[in-house]
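Look for chain A in each of the two complexes below; its partner is chain B in the first and chain C in the second.
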Partner chain A sequence: MSETPPTQPEPTGPRIGADEWVARSDERAETRGGISGRVRAWYERVPKPAVFAVAVAAGALVPLLTAQTENDIYFLRVGTVALVFALLALGLNVAVGFAGLLDLGYIAYYGIGAYGYAMLSSDKFGLHWEAWLVIPLVVAVSALVGLLLALPSRRLVGDYLAIVTLFFGQIFYIIATQGYRVSFLGLNKDLGLDRANWDLTGGPNGIANVDRLGAFGLTASSERAYFYITLVAVVLVFAVLTLANRSRTGRAWRALHDDPLAAQAMSVPVNWLKLLAVGLGAAVAALAGTINAALLQGAFPDDYNTQVLIIIYAMVVLGGAGSLAGAVLGAVLVSVFMLEGLRPQTPIGDLTGNGRWVFYGAILLVLVTTIRPWRRLAAILGGIAAFGVVVHAIVAATTERGTDGLLNTAPDTFEEGGPLGWLIRQWLALPGGTYEVGSRTWFNVALVGLIALVLCMTLVKGWMRDALIIPAVWLAGFVWETRLVLEASGPTRLLLLGVILVVVMVARPQGILGRPRVEIV
Partner chain B sequence: MDAFQLVAYFQDFQLTWDYFLDQLVAGLTLGSLYGLIAIGYSMVYGILKLLNFAHGEVFMIGSYIGFFVLTWLGGAADPSLPIVVVIALMFLAAMVGAGLLGVVIERFAYRPLREKRASRIAPLISALGVSFFLQQLAVLLFGSAPKQYDAFSFDSGSFFTSITIGPFEIQYMQLFVITTTVCLMVALTIFIARTQVGRAMRATSFDLEAASMMGIDVDRVIVVTFLIGSALAGAAGVMNGLIFQNVDPYVGFQVGLIAFTAAVVGGIGSIPGAMAGGLAIGIGRAFSVGYVSSSYQDVIVFVILIAFLLLRPSGLFGTPVPQKV
Partner chain C sequence: MTAPLLELRGVNKAFGGLQCILDLDFEVGENEIVSVIGPNGAGKTTLFNLVTGIYAPDSGDIRLDGESIVGLAPHKITNRGVARTFQTLRLFLNMSVKENVMAATYGGTRASLAESILRLPRARREERESRELAEQKLSFFGQRLMGYRWNQPAYSLSYANRRRLEIARATATNPRILLLDEPAAGMNPVETHEITELISQLREEGGYTILVIEHDMHVVEGISDRVIALDHGVKIAEGTYEQVATNTRVVEAYLGTAATERK
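Here is the complex of A and B:
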C-alpha cells in the first residue's frame, strides 16, 4: 500500500485518470431538468462524507427502533445478514470493480474465514481461542491463500484467473463436504496412527456449537451486538477501501482495469497489483466469514457454495462494479428484497404475501421508470389490466377447470388472499387446482412462452414492443402465481439473480451507481 | 509396515494389468465426452476471447432433449422404433436443439455487449448469469431429481455387454461413444479445413478485425461457431446420458468446468488440442476413481490444471501468442 499523495490544489480541468467526457459527466447530469434533475443537483451539493455519516447513522438507529422481542430479533437478523453481504460485496468489488479481475473463487475465502473461526474456537478440536487472536490470523491466512492462488495465473490473460478461481471455489466445497474422513492415502492404521480417518470439517453437517465473538472476557451474545459489530466492520472496510481507491494503488488498479497492456507499458506493476487485489478481497471475505460463523454459531458447507457466489456477484453488478456505495446498496437491496422478501416462511410466520408485493412492485417500478411519456405508460398499464380481464373471461367461458383457482398464501395453504388476491384472481386465469402436480405442463408452457416473448421484445422497437409488454406482464404474473411463488426461496431466487446479471450487463453495464465506461479508439 | 504388507496393500488396490486396461477404456470414453464439450469452449474462445460459462448448461439441455426423445419413443425398455433409429433420433434432436440454444444465447446475451464495446469482464458476468439462469430454469421445468435414461434396458442389456478387441475389453456402449466422437471430429476437421465457412472461421479466429475488413461477415461466422460448438455439446449430452444413465440440472456446471479445464490443458483455441486435453483429463479422472478415491477426482483435475498453467501455459497444442498492440 502506498501513502496518500500530498494534497494538491483542486484541479480545474479534467481529472487525471478519467477522460474529459467522463470527467464532465457530473456537469451534464446537473443540467437534467424535472424533479429527478433537481433532486440530483441538490444531492451533488451535499459533501460526500456527510452522506456517508447520515447513512451510517441511519443504519445505527435501526436496532434502537426495535424492542428485543421475538419479531424484532428476526428483523435485526435480516439487517445483520444484509450487512454481512455488504461486507462481502465490498471485498468482491476490489477484485471485480477496482482491478477488473473475475475472481470466481471469492466464496472460498468467505468459507475459509468461517471454517477457520469455527475450527479455532469451538468444541470441534477443543480450542477456544479468543476473537482478537483468531480473526487477524484467519484473515491473514485467507489473504495468503488468495495471493498463492493468483500466483499461477499472474502471467496470463485475466481469463485464466477466472477458471483457476472458479475451480478453487469448487475444490473448497468438496474439501468442506468430504473433509470428515481424511486419511493419509488410506494408510493411517498401517502407519500406526490412532484412527483410520480424521474429521476436520464435519463434512455435510459442518461444525456446530461455535463460540460467540468475544475478547478480553467480553462476549457478544445479543442480536443487537452482532448488528453493531457487523456495522462497524462495514464502516471500517468502507473507509479503508475508499482510502485505498484514492491512493496511488487505487489509481493503478483503475489503469489496470481499463487497459492492462497500457498500464504495464507505463511501468505499473501489473502482476503485483493483481495479487494485491485478490489478496485484499480475500481478507475482507474472511472477515465476513468469521462474523457469519459467530453469528450462526456454526459453519455449514452449503453457505459457501457457488449459489452464494452468484448472489454476491449480482449485488456488486447491480450496485455498479467499482462503486463502493453501489456495492453496499446492491447488497442491501438484494438481501432484503430477494433473499428475505421472497422467502415463503420465516421464524415469525408466513411471508408468501411479501414475495407477491415485491414481485408486482418490481414490475411496476420498472415500467414506471422506463416508459415515457406518461400517456404511453397509462396506455400500457390499461392494456395490461384489460388483457387480463379479457383472458379471464375467455378462459372462464371455454375451459372445464374454470378460473376459480385459489392463491398460495403460505407454502401449504391456498386462500382467497385478501384484496390483492381478489384483484389477482380476477386478472389472471388461475384454473382450479392450480398447484397440483398435474398443472405443471401449463406452467412450463407459460414460462417458455414468457422467455420467448421477452427475447422477442428486445428485437422489435416502438409500438410492437409496447404491444408485447402487455402479454409478457400477464404471463409473468401467471408463472409467478402458479409455481414460482412456491419455490421462491430456491430456484426462483437464483433464476432471478441470473436474469439480473444478464440484464444489467446488457442494458446498463455500469449498474445503479457506477460510472459509464467510455472507450476512446 | 513390512514389505509383505505393502504387497498385500497394493493387491487390494487391484493393481493388475486387466484392471489398468479397463480404467484406460473408461478414461477414453469419458475423455471423448469431455473433448466434444471442450471443442465448443475452445472454438468460442478462439474467436471471441470469451469464456462461455453457459456452454456446460447447453450440454445439460442437450442431455435432457435426448432423454425426452427417448421417453417419447417409448423409453429404453420398449422403444417403438429400432434401437439404432432411436439413438440416431436422440442425437439428431439433441444436436439441433442445443445448437439453436447456443445461437439464441449468443444473439441475446453476448452480441449486445459486443456491439456496445463493453469492458472485457462484462460478457463473462453475462455468461455466468446465463449459466445460472439455464440451470435454475431446468430445475423449474424438469425438476431437480435426476431423470433416468435407463439405457441398460436397451435391447435387453446387450448394449452394455463387452467384446474383446486385442488386449482391451470394451463395452458396445463405450465403443459406440468413442466411434461417434471420432466421426464427429473427422467431420468437423473436414468442415474447418475444406469449406468456405470453415476458412472464414479460421481467418476470424486469427484476427477478427482484419477478417471483417476482408469482407467476412464476422457475425455470421460467430453464429456458425456457436451452432457447431453447441451441437457437439448436445451430442455429448446424449453420450453422458448413455454413460451415466441419468441427467440432472447440475450436471452441466460440473462437467462444463472439467471440459473447460480440458480446453485449457489442450491449448485453448486449438481444436485437436481440445480433443487431446479431453482425453488427458478423462483418463486422469478414470485413474483417480480407479486407484485413489472418487471423492477427490475434481481435486486431481484441478492439480493438473495448475500444473499446466505453471509449466506450459499455452497447453499441449497451443502456441504462445505474443500480445500485439
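Here is the complex of A and C:
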C-alpha cells in the first residue's frame, strides 16, 4: 500500500497559521469616542516631523515677542534656562528612559561641562579658548568620563547602580567645593613647587568672569543670542537622539531596558550598550553645562548639586521617561511654572503674583484630572467654595478683624491682588495683621495641621476622603496666603513640585507623554 | 565523520552543594532534532544556560563545531550560531512584535551609532535588511504574527503567540542550532499539534539543528531523531524515542521505583 496522503483538515476546524482574529482586524479598528478621541485621531494622522517643525518654529518666535527692556530680558532668560533644562532632560532620558539605568551621577557631567568651559575660557588660568574648540573638547572629555565611570558599575542594576552613581555625583560636588587647595600629596613645598597648593575650581566661590560664547571673532552677548543658541542645541540633540533611538542601538537599549538577560541571549552586548547610553547622556549634559557657564558667565558648585539632579529627574519623570518630546515638555513645565512661576520675588516687580496663579491653578488641575466622575468633582468643587464662604461668614461675624487680612503680592507692597485676590479674600478668612511679626506661629501651626490633614487623607477611603479634600484645600490656601507666599526661595517651590509630582504620578504613572510600561504579564 | 555541531564533554555545574549537571557528555549532529526530557529539577534548563553562556561550567568543555565556547559572553555565543527560547517567556514586552525580532539582528549588523545618526548608506541598508528579515521570520507562523500585529506591543499577545514570537526572535539571530525550552508548555492540544509540525518545518525550511526540552511526550515522539533523558543532572538514557520511553531508569525517574516493581 502506498503512503496515504496527509488528511486534509476540516474546513471549519483550526488550521496552522490561520487566524480569524488577525483576518478581521480591520473590522475591529479601535476608535475612541468623544471630542478627545477625535482630536487624538486627528493628531495621529499628522506626520511627526511636521509636529516637530511647528514646535521648533513656535519656540523660535518667542524672542520676537520681547524687546530689549528689563522685563523682557527676564522673560527671555526664563526661556533660555528652560531650554538648558530641556537639554539636560533629553540627555538624562538616554540612560533613564531608553536604557532603563537609574543613573544618579548624571549631574557630574553637567558640572564637568560647566567647569570645563569655565577653566578653559576665563581669567582663571588666563586661557581664553574659543567656543568652537572648547565645546567639542569638553563634550568629548565628559563622554569619556561617563564611559569610565560606567565601567565599574556596568554589572549593577536598579538600586545598586543608583547608589554607586549617586556617589560619583557627590564626588564631583566635593571636588568642585574643595578644589581650591589641591596639592601633590601635600608635598608641594618639599618638591620645590612655587606654591603650597593650587586653586583649580575656586571652591565654594566657583569660577567667575567666564567668557561669553565666541568663535571666529564673533561673540554672543545678547540674551536673544543665547536663547537661539540653546534652542539650536535642543533641536540638534532632539534630532540626534530621535535617530539614535530608531537605530539598532536604540532598539538594543529598549531590549536591555525590558530584559537584559534575554537581550544578551539575542546577541546584544549589554555591558557595552550601558556604557554607550551613559556616555551619550554625559555628552549632552556637558553641552548643557558649557552653555550654562557662558550664560551665567560663571560656574558655581551649587548649580551642580544633587538638588538640581532631582529636579532634572522630576522633569523626565513628569514628561514621561522614554519620550523625548515628554522630556522637553517636562523641562519647560517644571522650569517655567515651578522654578520661576512660584518665585515670590522676581527681578521685575509686576509679576510677583505669579505664584498665586500657579498654586491655585495646580490645585484645580489636580482635582480636575484625578476626580471622576464629574458629578463627584462638581460636588467637591462646590463643597470647597461653600466651605470657604461659610467659614468666612462665621469668622467675620464672630471675630474682630478676622477677615480684614490683606493679600501680599510682594514682600514690601500690599495690594489688592486683582480679581483673583478679591475671590480669595471672600473665600479665605485672612485675619488682620497677617504679616505682622509675631503672628507667624499660628500660621506654622496651620501648616503642620495641613500636613496632618493630608496624611489623614491617605488613610481613609471613599466619601470620607472626598469630605477631607474640602478642608484640606481650604487650609492649603490659608497656609499659602499667610505663610508660604512670603518665603523668599527654596522650600515652598520644591515642596509644591514634590506634591504635584506625587499627584501626577498617581493619576498618570507613565508621565504626560510617556507610554505605560508593562513589566510582568 | 565530521565533528558534531554541538558537543559536551564531561560538563559539571554545581550551585553550592547542589550538583545540577554531573559529568554530562552528549553531542548533537548537524540538522538533527534532539529532545531532552527529564522530571522537574533534572537540570534541563541549566543545561541550556550552560550552552548559551549564562552560566559557566565548573569543569568540562562545550564545543560548537569543534571550537570551545566555554567562557564566552552570551552575546558572543549567540553570534556564533546558538539561539534559544526561554521556558518562562522573556520577550521585550514593551517593544512591538516586529521590533522584538529586529532587536535580535543586533549581532548580525555592524553600523555604529554615529553611522545610524548620520543615516549613512550602511546603516540604512542594514536597517532595511533587518526589517525584511524580521518580516520574513514572522511570516513563518502564517497570519498569526502578521499584519497589524507587527506594530502591537508584545505584551498584548496571547500566550501561544508569545511562544511563537520567541521562536521568531531566536531565528532572527541566524542560528545554526536552536535551543527550544518547552515550546509547547501551556498550549492547548491543537496548538501543541501545531508546534510539533512547526519544529519539523523549522528544520526543513530553516536548516536549523534543534535541541528541545519538552515534557509533552506526544511532541517528543513526533519530532525527535534522538532523545536524551536527564535525572538529577545525570544522563540516564539516550537513544530513539522508543528506546528511551521504555527504559526502566527513565520510567523510575518519572514515576518512582514502585511503579516498576509492581509490574
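Methods note: the second predicted complex is superposed on the first by the 414 of 521 C-alpha atoms of A that agree within 3 Å, B and C clash if a C-alpha of one lies under 4 Å from a C-alpha of the other, contacts with A are read in each partner's own complex, and residues count from 1 in each chain.
By definition in this document, a contact is a pair of C-beta atoms (placed from the backbone, for glycine too) under 8 Å apart; a residue touches a chain by one contact, two chains touch by 3 or more.
On a predicted model such as this, the values are computed, not experimentally measured, just so you know.
Chemist: Does the superposition put A:L423 against chain B (first), chain C (second), both, or neither?
Modeler: neither
Chemist: Could you look at A:A60 and tell me whether it touches chain B, chain C, both or neither (first, second, both, neither)?
Modeler: neither
Chemist: For chain A, which side has the bigger count of touched residues, chain B or chain C?
Modeler: The partner that reaches more residues of chain A in the superposed model: B.
Chemist: Tell me the contact category for A:Q178 with respect to chain B and chain C: first, second, both or neither.
Modeler: After superposition on chain A, A:Q178 lies in contact with chain B alone.
Chemist: Quick check on the superposed pair: does A:D159 touch chain B, chain C, both, or neither? Answer first, second, both or neither.
Modeler: The first partner, chain B, only.
Chemist: Can A:R254 be said to touch chain B (first), chain C (second), both, or neither?
Modeler: A:R254 sits against chain C, while chain B stays out of touch.
Chemist: Applying the document's definition of touch, where does A:A263 land relative to chain B and chain C: first, second, both, or neither?
Modeler: Second partner only, chain C.
Chemist: Check the residue A:L455 against both partner chains and state whether it touches chain B (first), chain C (second), both, or neither.
Modeler: So A:L455 only meets chain B here.
Chemist: Once the structures are superposed on A, label A:P509 by its partner contacts, choosing first (chain B), second (chain C), both or neither.
Modeler: first
Chemist: Hey, what residues of chain A end up touching chain B and chain C alike?
Modeler: 257, 261, 517, 519
Chemist: Quick one: which bits of chain C touch chain A in the complex? Just the residue numbers, please.
Modeler: 52, 54, 73-75, 78-79, 83-84, 86, 90-95, 99, 102-109, 111, 113, 116-117, 119, 123, 126-127, 130, 141-144, 146-149, 153, 155, 169-170, 172-173, 190, 194, 197-198
Chemist: Okay, in this complex, where on chain A does chain C touch?
Modeler: 14, 16-19, 22-23, 25, 240, 243-244, 246-252, 254-255, 257-259, 261-270, 276, 280, 515, 517-519, 521
Chemist: Can you list the residues on chain B that touch chain A in the complex?
Modeler: Residue list for chain B touching chain A: 1, 5, 9, 45, 49, 51, 104, 108-109, 112-113, 116-126, 128-137, 139-141, 144, 253, 257, 260-261, 264, 295-296, 298-299, 301-302, 305-306, 309-310, 313, 323, 325.
Chemist: With touch defined as at the start, can you tell me which chain A residues reach chain B in the complex?
Modeler: 96, 100-102, 104, 152-153, 155-160, 162-164, 166-168, 170-171, 174-175, 178, 187, 190-191, 257, 261, 306, 310, 313, 317, 321, 444, 447-448, 451, 455, 458, 483-484, 487, 490-492, 494-495, 497-502, 505-506, 509, 517, 519
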